[in-house]
Amino acid sequence: MEYVKDILWTPGISLQDTVKALGSVGFQSVELRRAVEVVVRMRKEGAKVFLTFTSNMATSGLRGLFAQLIELGLVHAVVTTVGSVEEDIMKAHGERFLVGSFHSDDVELHEKGMNRVGNLMITNESYARFEDLLLPMLSKLYGRKARWSSVELLRELGLMLKDERSILFQAARKGVPVFCPAITDGAMGFHLYLFQQKHPDFVVDVVQDFKELITWTSHDDKKGLVALGGGVSKHHAILAALLTGGLDYALYLSTARYTSGSMSGATTQEAKSWGKIKDDADAVTINGEASVFFPLIALSALEQLHEEGLL
Amino acid sequence: MEYVKDILWTPGISLQDTVKALGSVGFQSVELRRAVEVVVRMRKEGAKVFLTFTSNMATSGLRGLFAQLIELGLVHAVVTTVGSVEEDIMKAHGERFLVGSFHSDDVELHEKGMNRVGNLMITNESYARFEDLLLPMLSKLYGRKARWSSVELLRELGLMLKDERSILFQAARKGVPVFCPAITDGAMGFHLYLFQQKHPDFVVDVVQDFKELITWTSHDDKKGLVALGGGVSKHHAILAALLTGGLDYALYLSTARYTSGSMSGATTQEAKSWGKIKDDADAVTINGEASVFFPLIALSALEQLHEEGLL
Amino acid sequence: MEYVKDILWTPGISLQDTVKALGSVGFQSVELRRAVEVVVRMRKEGAKVFLTFTSNMATSGLRGLFAQLIELGLVHAVVTTVGSVEEDIMKAHGERFLVGSFHSDDVELHEKGMNRVGNLMITNESYARFEDLLLPMLSKLYGRKARWSSVELLRELGLMLKDERSILFQAARKGVPVFCPAITDGAMGFHLYLFQQKHPDFVVDVVQDFKELITWTSHDDKKGLVALGGGVSKHHAILAALLTGGLDYALYLSTARYTSGSMSGATTQEAKSWGKIKDDADAVTINGEASVFFPLIALSALEQLHEEGLL
Amino acid sequence: MEYVKDILWTPGISLQDTVKALGSVGFQSVELRRAVEVVVRMRKEGAKVFLTFTSNMATSGLRGLFAQLIELGLVHAVVTTVGSVEEDIMKAHGERFLVGSFHSDDVELHEKGMNRVGNLMITNESYARFEDLLLPMLSKLYGRKARWSSVELLRELGLMLKDERSILFQAARKGVPVFCPAITDGAMGFHLYLFQQKHPDFVVDVVQDFKELITWTSHDDKKGLVALGGGVSKHHAILAALLTGGLDYALYLSTARYTSGSMSGATTQEAKSWGKIKDDADAVTINGEASVFFPLIALSALEQLHEEGLL
């Protein structure tokens, strides 16, 4: 049995020592420490790891951390929504997003052409320049063939980016598939539509993505999932897990709660009834916000793997 | 200025009187009453109304209510996830889901072939029979053509159902488009994939859906949105709204909170910075769970419209 | 096994039929129906019932409903915070609170002397008049003796009110003790302090309240708890329950979640580890906001008891 | 204007650098950094600081951190619930609490005499030994006088503890008042009651605490509040602030939300309508769980003050 221990400040304290101390504090801090352990174990056991996140996280400064994790070989497949794809491309081309306030005057922001995402902001100009970027990319790809799975499309877009901090770029470089099951649900969808109007045989074949979804890992592999937030990103990964024998490791990190019966708030426990997570899996559900919890978990896991020579 | 008033029990009290009284109680009950007013106003002003919901709501007994609202002409477009489509088809073929507990033994449920969705359950058999149902439907449609937009596909599937309480059936009957931007994110995706393996030219052209998305209503129409829960369903509707000039009426009902910066928790206020909702729109954000709040709002709005001869 | 059933609108639907239908919808609506059943059972089994609530609920229009439940003999002891006491007295003297917005300009409200409680407002004048009311009451009571338990004090204040919709008045009339363990935590505390400055022997003996807390019901009685919200009100009731053998029936209704380890968010399950709730008790935890959920539960339970001739 | 910046791992990263980087990530991480700044500013401006917390936090390993902050002179008054007092005394006498799971079998725990607080546990033995500890302490104090304010009582109890990590001990040593407005709401209340049964003139005069509450700081002092969680602890501090001219600095850290109109979930914004927080105050509301957020804030603020030679 483990005891509650006081967390105390000592000058120059490292992140690693802080997270270790949090592990004996109580409540979500204990789950945070368990999450670090699960992530470390995924690496040690050679699990194939799915990382899923919602597009507000790509809006935030988590984007570079996701890219770093892919670059370091800790992530083997990604699922996200198309907002992430759009903003990753924008950022790779130098667009900068602003830090603001949750309590802005939104009518005033609208007049200024500032689009609010919580306490962050994206300008209309960033979206306008995205359009200018995307069309030549699509033309180039269409020059090669007319029918693309979304995984292929995102891989080719990634290769065009050349930004070390880009999720798509690092994923493409490392052979990590990026799944985006609702690829039309954003500005990109509209641009794809306009492109198709001119080139009627242009098709994004989302059904074809299933091939990669069920073969990027095998039944025999140990499989892990780090699901940040909920929505289609989380669901798609657990669907894939279900089709390939269930997860051995899982970390769910979300502010959603189980009480509404939504998949977004569903716990790792509920997933076991479906076989999405194996009965004896190493699974942690954290109730917390990703912008704070995930960097703590990721940096602390990287630190530990680095210390043990496993990076 | 309006005053707080006590809510009191009187024998035989109607739902309508209860909801009216709730309107002067305080906190979310006040917002609930405002939500009823917005829904009633959408009808009175002839707005074109988007209804969006997550698939757990189709698992629940809200499914028949959604179908009833479509049948009564209160909903003009639907966005949902593919889980809703699957379960609507299952239910239309007689599958029944079970009421259980949030605190089940999930390993035991797994052994029994019971898949838990909060405090509801779906059996493995229901999924197995769904597969048997879907394939002949797909074959029939493929016999007509190989390339389908998902709106077309769902319309045809709906027409095959013949169940008054089916969302897809009522939508098809009433010419209401059902958008499902992540149509492969579920068992259906897997079945579409297996079908495509046999018929390689079979394509679900999700890009093509945009045509219907931006033309089902015009810039000149008054536009309304009832978004239940978040995720891709909510986002797709506000994306459509943004492309067609912004919403005049909006009701967001969700348990998600704005503090994580997620679109699911974003308020109607945040949407104004984007132009998704017009600056002067009639908009209500309710923090609450749809299985309780939505029936109260919908039944009370129907009651009022019925009393005023507007149904 | 029970099946999920669709909820449908029928013209003139009663509250009772709505709540019954909600019981087969899923998620919190199912728990709502279970809550009604527990409340009805408390009555049928002759349980002694604790009702606890936070002061924002007395600010709201739930106040009259609480008084009505006491009047009808469904509640046998109350625990609340002193804000409830203050506002119950204000309202009994004709003060009216306002319905406003969660998104007010609070600096502007401050200038206008409006104090915001969520989307409700209390004016400075109401507080000023409360002071004028309270002092003569205290003088009168001090004329009788100098040392008062808070239960005694609130009983005497209640008897002075003569308002059918007053919680304190109905409680005093029916011999229902009102516990207020933090009786100084509000404007009343400050007035008690000023009074004590003039009359140094005046004492509110909170320790003495324990006598009533552990004798208002016996070990042999069946005991029930309806805890609305959390805080000291909820905790004090479960403390009393622990000291008298544990609860047979419990309904926890709160928006707080268990994940922070707080007592406010603790479930009825956690309470069993302490013996606060008996192992085999009939207990329901609802995640929801009291202003909507509690009227539904209370009115529906009253309706059922009325139909069965049990009121 | 500030830009969103990626957070990246570098080997050996300090807590301080992590928290700085979090400040440009987005969502609650940005608010976290702002919270550190407010806490640092309170110190630099010589503000008198109120720290409030709920008793589950004293159960956890935050207890020693609270004591350390008092010892370092960063906290000038404390408000908490009596559970904190009880557990601080227990721990000062060597009782150890256990780390467990949120998903325990509570009936089994009950049989084993383990009382669950989220994912922590306290044994029945710890409570039994607390009783044995408390009675001689009370006897000793009663030997000096019969009527005690709760602030006086807790100060004397603190002086008897001699544990560097005890909140009560450090507070007593540093002349920091500990307010506990609901001092009877726990095991201690029951023991005070039993003691009073034997010594009828023994009184805990909670009204008398107001003297210290409104004089521990003056209208002229700059005033700050760090409110962790909600409940009577938070409310009592803002009541004191209201009576002494309002707060200049405030940090609210809680998982409660504003939507229920509860004081626990009320934002720093709402507090301005009351004058509890000054219109131009430096105020931050964080939506997060204290066991993770507070150590990050406190350790990071201490680190910065240490670097600047301000500790």
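We call the chains A, B, C and D, going by the order they appear; numbering starts again at 1 in every chain.
The rule is short, and it goes like this: a residue touches a chain if its C-beta (ideal position, glycine included) is under 8 Å from a C-beta of that chain, and two chains touch if they have at least 3 such contacts.
Worth saying up front: this structure is predicted, and the values here are computed from it rather than measured.
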Pair with more cross-chain C-beta pairs in contact, given A-C and B-C: B-C
Farthest chain (mean CA position) relative to subunit B: D
Separation of mean Cα positions, subunit D and subunit C [Å, integer]: 26
Whole-Å separation of chain centres (CA-atom averages), subunit B against subunit C: 36
Between subunit A and subunit C, centroid-to-centroid distance (C-alpha), Å: 44
In subunit A, residues with contacts to at least two other chains: 26-28, 56, 59-60, 117-120, 257, 259-261, 269, 287, 289-291
Interface residues, subunit A side, partner subunit B - complex: 54-56, 59-60, 81, 83, 102, 104, 106-107, 109-110, 114-121, 147, 181-186, 189-190, 192-193, 196, 202-211, 229-232, 235-236, 239, 243, 255-266, 269-275, 279, 289-291
Partner subunit A, residues of subunit C touching it in the complex: 26-28, 257, 259-261, 287
For the subunit A and subunit D complex, residues of the former touching the latter: 1-9, 11-15, 17-18, 21-22, 24-32, 56, 59-65, 67-68, 96-99, 103, 117-120, 165, 269, 287-293, 295-296, 298-299, 302-303, 306
